[in-house]
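Notes to accompany the following structure.
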Amino acid sequence: MSSVPASAFLALALILFCIGLYGALTKRNTVIVLISIELMLNAVNINLVTFSKYGMAPSITGQVFALFAMAVAAAEAAVGLAILMSLYRNKKTVNIDEMDQMKH
Amino acid sequence: MMENAWLIPLFPLLSFLILLLIGKRLREASAYVGILLTLASLVFSILVLFERFTEPTYITKFDWLTIGDLHLTAGFEVNQLNALMLFIVSLVSFLVHTYSKGYMHGDERFPVFYAYLGLFTFAMLGLVISPNLLQTYIFWELVGVGSFLLIGFYFYKEEAKAAAKKAFIMTRIGDVGLFIGMILIFWQTKSFEYSEIFRAVEAGAVSQTMITLTAILIFIGAVGKSGQFPLHTWLPDAMEGPTPVSALIHAATMVAAGVYLVAALFPLFQASQTALLTVATIGAFTAIFAASIGLVQTDIKRVLAYSTVSQLGYMMLALGSAGYVAGVFHLMTHAFFKALLFLAAGSVIHAVHTQNIEEMGGLWKKLKFTGPLFLIGTLAISGVPGLSGFFSKDEILVAAWEGGHPVLFLLALIAAFFTAFYMFRLFFLVFTGEARGEQKHVHESPSLMTLPMLVLGVLAIIGGYVNTPWFGSFLGDWLVDGNEALGHGHIEGPAWIMIAATVVSLLGIYLAWLIYGKRSVARDWLSGAGGTLHTILLNKYYVDEFYQLIVVNFVKGFSYFLRFIDVFLVEGIVKGVAGFVQGLGITGSKMQNGQVQTYGAVAFIGLAVLAVIFALTGGYLK
Amino acid sequence: MNLSWVLTTLVFSPLLGIVVLAFMPKTQEKAIKFVGFLATLPALALALAAYAHYLAGKKLSDFTIGHEWIQFRGMSGDAPIFSVYYELGLSGFQLLLVVLTAVVATLAAIAARYVKKEWKGYFMLFLLLEVGMLGVFTAENLILFFIFFEITLIPTFFLIGKWGYFEKEKAAYSFLIYNGLGSAVLLIVIMILFAKTGTTNIDLLTKIMADPSAPLSGDLKLGLLISLLIAFGVKLPIFPLHSWMLKVHVQAPPSVVMIHSGILLKIGAYGLIRFGMGIFPAQFETLATLIAILGVINLLYGAFLAFIQSDFKMVLAYSSISHMGIVLIGLAAMNEAGIQGAIFQVVSHGLISALLFFLVGVLYERTDTSLIENLGGIAKGMPIAAGFLLAGAMASLGLPGMSGFVSEFMAFLGLFKELPWLAAVGTIGIIMTAAYLLRAVLGMTFGKAHREFIGFVDLKGVEFVPVVVLTALIVLIGVYPSVLSSPLQATLETIMLGLGG
Amino acid sequence: MTLTGEFFAFMALALVAIIGGVLLLNLNKVVHMVVALIFTFVAIAGIYILLNAEFVAAVQVLIYSGAITIIMLFGIMLTKPYDDEGESASNGSKWRRILLFLGVVGFAFAVYVGIYNFPIDQVPSNLHENNTLEVGKALYSKYIIPFEFVSVLLLASLIGAIILAKREDKEGDSK
Amino acid sequence: MSFDQFQSLNWSIMTPEFIILAVIAILVIMDLFMPKHMDRKILGWIGIAAILAAMVSVFGMAGGHVESILHDTFRLDSFAIAFKLLILGGGALVLFLATSYKATDGLERYTGEFYYLLLSALLGAMVMTSSGDLITLYIGLELLSIPSYILAGIQKDRLNSNESAMKYVINGGISSAIALFGMSYVYGLTGSTNLLEIAGQLSMLMDGQQAYLLGLSFLMILVGLGFKLAAAPFHMWAPDVYQGAPTPVTAFLSVVSKTAGFVIVVRILLTVFGSAATNGPGSIPILLDMQNYLAVIAAATMIIGNVVALRQSDIKRMFAYSSIAHAGYLLVAVTTLTSNMFYSIWFYLLAYLFMNMGAFAVIQVVSEKTGSTKIADFAGLYRRSPWLAVTMGILLISLAGFPGTAGFIGKLNIFVGAFAGQPHYVLASVMIATTVVSYFYYFGVMTQIFFRPAPAASEGEGEGSKFNLPFGIVVVLIVAVVGSVLFGIMPNIALDFMHNNLDIVQDFFS
């Protein structure tokens, strides 16, 4: 049996999730924000893969789920970046706090 | 005939309706409509009266309003009092209708005037024919409206407007008393019918306190209508109306309604000594109070008005002293001579176009007809023996004495002295001496006006003989016939009372003659002696001012206070709530600062808060 | 004869007018106004026919109609289907209000001749409003009632907001929000009842509530009744929920105020009587003293404030508050006299305020003002109008022989039996009513004219119709109150039965 | 818990991953941040291997450490960002950070309470046997439907990314 | 799995999805091969036809049994049918709007793409309605989201559009990560992604800590998915995104996307947490236990939506807040958890579909005319176009929930549910109070339309100030008004269809 308890993996995932979240909500550069979101999704994947091995009923499903999540994450990142490109073309900035033309 | 008595009020109503609809086209021919229809009423009234001498009371009713199991009825009743009142009212009304044809000649609202007269007469006749309190109350109010309309007839005059308003509101204050009393007695006896009420009271089904309370409340109504202290102030002001109106409403009929009401409910009052005493006291006080004011007034109609108030006080005193017959008797004679006085005064005003007696004088020669008639009225009211006023006043004094109210008796005696004095002061100032002020084209009134006066003059002289200590008390016996509760037809009093009354009135006349006729006593003999007193009297004891200060200002002040509440409290709370919602909106929209990370942060912090709460409240951890 | 079509036709007949109007060119002022007027007639005719039907001694239940309408399913296990029916009916009370509505609506349509712009839209909304009002009084279940109730809100909002005077939008919003809140509370009550009992049929609810095993606790019932009191208190209005109504009375165009003051306010009274008293009699008894106090406060508050207003419309607005106090007083008495007085007052005030507001409209039309001071002495120029104004005021202040007296009398008669002291305080209101009305009306009509009223035309032509009809009705009720009281007997008996009397 | 190689490997990988994450938050230069994150991604791939998910680990390296990081770097190059992730944050955002930090800590605490000593009986698994094959089987049988929809998703995002990121030849297009 | 096995599956239940999928493919190809200058509108009409065809096929499936293939990764139950109809209907109306939308700011180059991106988002929403598997649901969610991000930013020459898309993608990414984080725990505790299996497992849940973790994941999923609903506190993106996105996209987001959001929320929360025991088998389910949290979120959503809407001067922003508020009302229905919930949510969404679509159609027309989206632009609309004004009036009244309109019946339905069974007095009171607050801003628009004069006709507009309504708009308006009024007066048309053909309660858990 494994010497590393499931909790450790889960805790790692939790920490990474929180880091990603904090990054996504504080960094000024939009690219970093997007990449932070990826980090959050990665944390989710760790969870899924962990559960795939240590869960109530270990199954491959967790890994499959993680793969789907990755695919989606990649697509999301690409789209996010494309949107940033078109925004940059008009606004000449990638600073997220300058995107406040619409408010209140 | 009595079963058709209901027609009597309807004639004037018909007159009212006709004139309202087509009066404008009829112009002054409207008068004929009014005169003829009131004549019909008069004829019917006389027939009814005579029939009532021989036949018993007639009463009939039908359901007017059903409230669940309660059936409120309407109908009419012809008893002695009613029949008498019908006669008096329709007579005076008829005479005033006739008189007005001359007096109001040329007024552009002539038909309206007759319409109003019709309305009033209808209401007054309806009032006296009512068999129950509710119906009485209804007509009671209608009478008030008639009076209101007629006082305000010259609506473009500010004074008339104010007087009309005042009359209505002051009487309404009294009416509320009647209203409450009526309802209270209803819940005690389950009926508005006079007969039912009396039966219940007699049977002791109503507690003594309740009787006293309701009786006094009803009396408040009478106080308002009859211009008794403290609700008397409207009556002198009501003189802003045309003079025939004053004669009809504010002398002979409507103001007597209060007396009538007390008389009609006499058994109720009789059941409570307190109530009777109240009535008597208020009556006596009003009698002397108003008489004292009458001493110094300079407006001919106002003098008469205060005299009316005073005389009504007499009647109340009589009733309060259990002198039912005396009260009703005086009501009748007063109707004759006061109407006469007013009509005569109207004739004088008609002639000189002023109401200020200081600007009159020496009219005896110019108004050959009016003068003597006025004198008859003056003598009658002063209680000079032989005229109607003498007999009725004597009855009242006897009643007061026998009723065991020596103080009130004394007051009444003084009031009689005052009455004689100021009435003759009036007479002397108007008819004797030199003409003061401009008096052009002074001429006697047309016969249309003098004839009614003549009729009244005759009645003022002979009216008293229906009930005298000398020739029998026919009226009194008839009035109390079949109803012992009302007391005796005639109260035998000591002879000195009659002598005292005579002496007092002659003294008054003499003093007046000294001051205003012979002028051997200076006019400021009185005012000089008591300057302050004179001023107080001239200002009517400042009652009006007092009301203005206390009541009106209080009402206004309270209203403004409420407005303050309305604007600041009620609206303020609403504004506060609205402001709160708005503020919430402002905060919410401020939070929306365009920063996408703020949005995320808010969302996540929301989640974190929920999660922490969940964790701290224990979740499902055991 | 099957008469179940009558009510549907009655309620929805104004829609016909809307359809016709929709296809009329909007510039034809006269034709539009005439069509608008005509469209109110079928309802009037049917309402009168229904009254005649009653007079002929036939049953009002002939008119009852009921259809399945909406089913909500799957709420809970034991009552799986919650049905809302389309059901209209008439009782004596409802009949009176329907007749009142039809009459006032027709007269208000005449009064709408003063509308200056966009007649088409005006009349379409006006007729929609009439549908709502007729529906409110014929609805036999609470949800239907609520629907019609809300239907009255929207046209009124627009009628005030578009055709009113200077501060019209503010008034319209005030109206909307207050009434919106009121109806919101009402909706909560209805929904709770619906969810608890599975029905909103009023008669059925009355029966269910009378049953001691009703699925509602006493506290809940009391809460519901208080909510109802608030809901209808906004409409009536009861102090301190009244401030919207002042704005509406001042700002709305005359014909709308006729409707508003004449009918819409009465919905509050109707609701309180039919639902408050009908469904929760026992709880109403608990609250009777409170309601009586509220009534007296309303009566006096309105009266005192009316005393110091400078705008005649404001006087009438506060006077409405004052008069609605009498309704409350009557209701709080909880006896036949009181309730009958309250109902009388509902009808009577409907007629009187319609009359007075029509006259205000007439005066405003000619003088561009409704300030008492500016109008002083108008009797000189417009004696007939002034005369009717005075008559209206007299009716309003409870002059016997006119409808106001009968209702006031009965309301006080009722209350004096139960709470004599409170009633005695209330009678101050009778005096104050006289005081403020005379102050205002005499201020306008009597006295020295402040300006020349030459050239002002007195009442003329079609203007006589509303004035005369209303005055005649007021006098008719005052002289012969049985026209109202006899249809009411059955309603009263039902209510008294509920009260256990 | 025994000190095995697996344990050390986990500790090392976890440390790298977390340090990468912390660096992401604390570095100033954007490019450095991305590079720091590459370490994290690779370390996560290692974690996957520890968890017997070889295929996922491979994909992780390919997609995250490879593709995503690269396009992100391209994105940074193309947009010429201000190099420093300056702390010139306004007062408002300072508050936001503090609150957010508290929120994150609170959230982490709440979740940690849940996963601490996660009470799951470990069942022996055979995930490491033919891992890739198993994944493939699952994808193409049971999860064929989501798999197909992912293809639509990728197509849509492909097209979307192209049309959004494409530099327009304004003159040529506006005929 | 052999080919035979593969073939033996009942693929016909996916007909609507296949239709859309096929048309997406066709459109991609057509767009590719069509000459550049040709009008792409034809693609829109094809899309509409496809949606209608899909709707017909969905109708055809109504009344059948629950069908599922491949371990519930696709399942067709009454719930799916009912909501798929709404989504397809909404999609069709959005396409009608889109065909009439004046393409500017970069959109003109990509109208073809616009249509099939919209269709793929629609496909995602459809997938969300009919799946009983977390993975499929997640994919469906993202298939809806990602094209939505692109669509929001498709006017790439317009800064607001870019910004809107950017905000959308960032918030969307974060929220889906949070939801997914929650889902990962659900998977972990059960070892399955199949909702019914999960439910079965969780009803046996014994361990307190597991239940605790499950509770947390409930919150995470709720908040994460709340993003799609624009429920507080995940609502703040909505105003900015709605304002910046092209009007048809805004309509799509506020109607279709929101509907899909409710679908997934109900599906996941109810199946997974409706049976998860808090304290051993047979104890109260987590969902019921969490009702208060739901209620708080619902109340906050209603309050924030309605109150902040008061302050708006931009009509699209205002409608964003209004749609937040409506999400709050719907959450009330979710909170009540009676079996009527399905029907009341469905009916409300139906009503919402009509009224909001119609309103956005009017907004689109007016804002194209004036070039801005200020509420003040509606001034004098009644003068300029009475029919349009009256239409908008009816729709606003329906939104405000006045009787005679579908909006009212919808609210009524929610209300009955709120009081039936365990009564929610506070929540219902908040709902009704905020409804009254909403009168302010709905009637504020009406004030502009009916009371205010039109701005002085500038630059000699004259006759030009008349509106010419494109066919697509007319269709949407007619459908919207007829729907709002018809279902307001005869709601049983819809309710009976539901009750007679779709036994959601029965189907949902089987």
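Quick notes on this structure:
Order as written gives the chain letters A, B, C, D and E; numbering starts at 1 within each chain.
Here is the rule we use: a contact is a pair of C-beta atoms (placed from the backbone, for glycine too) under 8 Å apart; a residue touches a chain by one contact, two chains touch by 3 or more.
Quantities reported herein were computed from a predicted structural model and do not represent experimental measurements.
The chains in contact with chain A and with chain B alike are D, E. Path length between chain A and chain E in the chain contact graph, taken as the least number of steps between touching chains: 1. Across the two candidate interfaces, B-C and D-E, the one carrying more C-beta contacts is B-C.
Seen from the C-alpha centroid of chain D, the farthest chain centroid is that of B.
Averaging Cα coordinates per chain and for the whole protein, the chain whose average falls nearest the overall one is C.
Note on chain placement: the centre of chain A and the centre of chain C lie 64 Å apart, centres being C-alpha means. Taking each chain's centre as the average of its CA atoms, chain B and chain D sit 100 Å apart.
Between chain C and chain D the centroid-to-centroid distance comes to 69 Å (mean Cα coordinates, whole Å). Look at where the CA atoms of chain C average out and do the same for chain E: the two points lie 43 Å apart. The multi-chain contact residues of chain B, meaning those touching 2 or more other chains, are 589, 592-598, 600-601, 604-605, 607, 611, 614-615, 619, 621. Residue positions of chain D with contacts to 2 or more other chains are 93, 96, 100, 104, 107, 110-111, 113-115, 117-118, 120, 143, 146, 150, 153, 157, 160-161, 164. Among the residues of chain E, those touching two or more other chains are numbered 135, 138-139, 142, 146, 149-150, 153, 156-157, 165-167, 170, 174, 178, 185, 188, 209, 212, 216, 239-240, 311. Taken pair by pair, the chains that touch are A-B, A-D, A-E, B-C, B-D, B-E, C-E, D-E. Interface of chain E with chain C (complex): residues 338-340, 342-344, 397, 402-404, 408-409, 412-413, 415-421, 423, 425, 428-429, 432-433, 435-436, 439-440, 443, 446-447, 450-451, 491-492, 495-496, 499, 505.
Contact residues of chain C toward chain B in the complex are 239-240, 242-243, 301, 304-305, 307-308, 335-337, 340, 377, 379-380, 394, 399-401, 405-406, 409-410, 412-413, 416-417, 420, 423-424, 427-428, 430-432, 434-435, 438-439, 442, 445-449, 481-482, 485-486, 489, 492-493, 496. Interface residues of chain D facing chain B in the complex, by the touch rule stated above, are 92-93, 96, 99-100, 102-104, 106-107, 109-111, 113-114. The part of chain B that touches chain D in the complex is made up of residues 593, 595, 597-598, 601, 604-605, 607-609, 611-612, 614-615, 619, 621.
Remark: chain B residues 589-590, 592-597, 600-601, 604 touch chain A in the complex.
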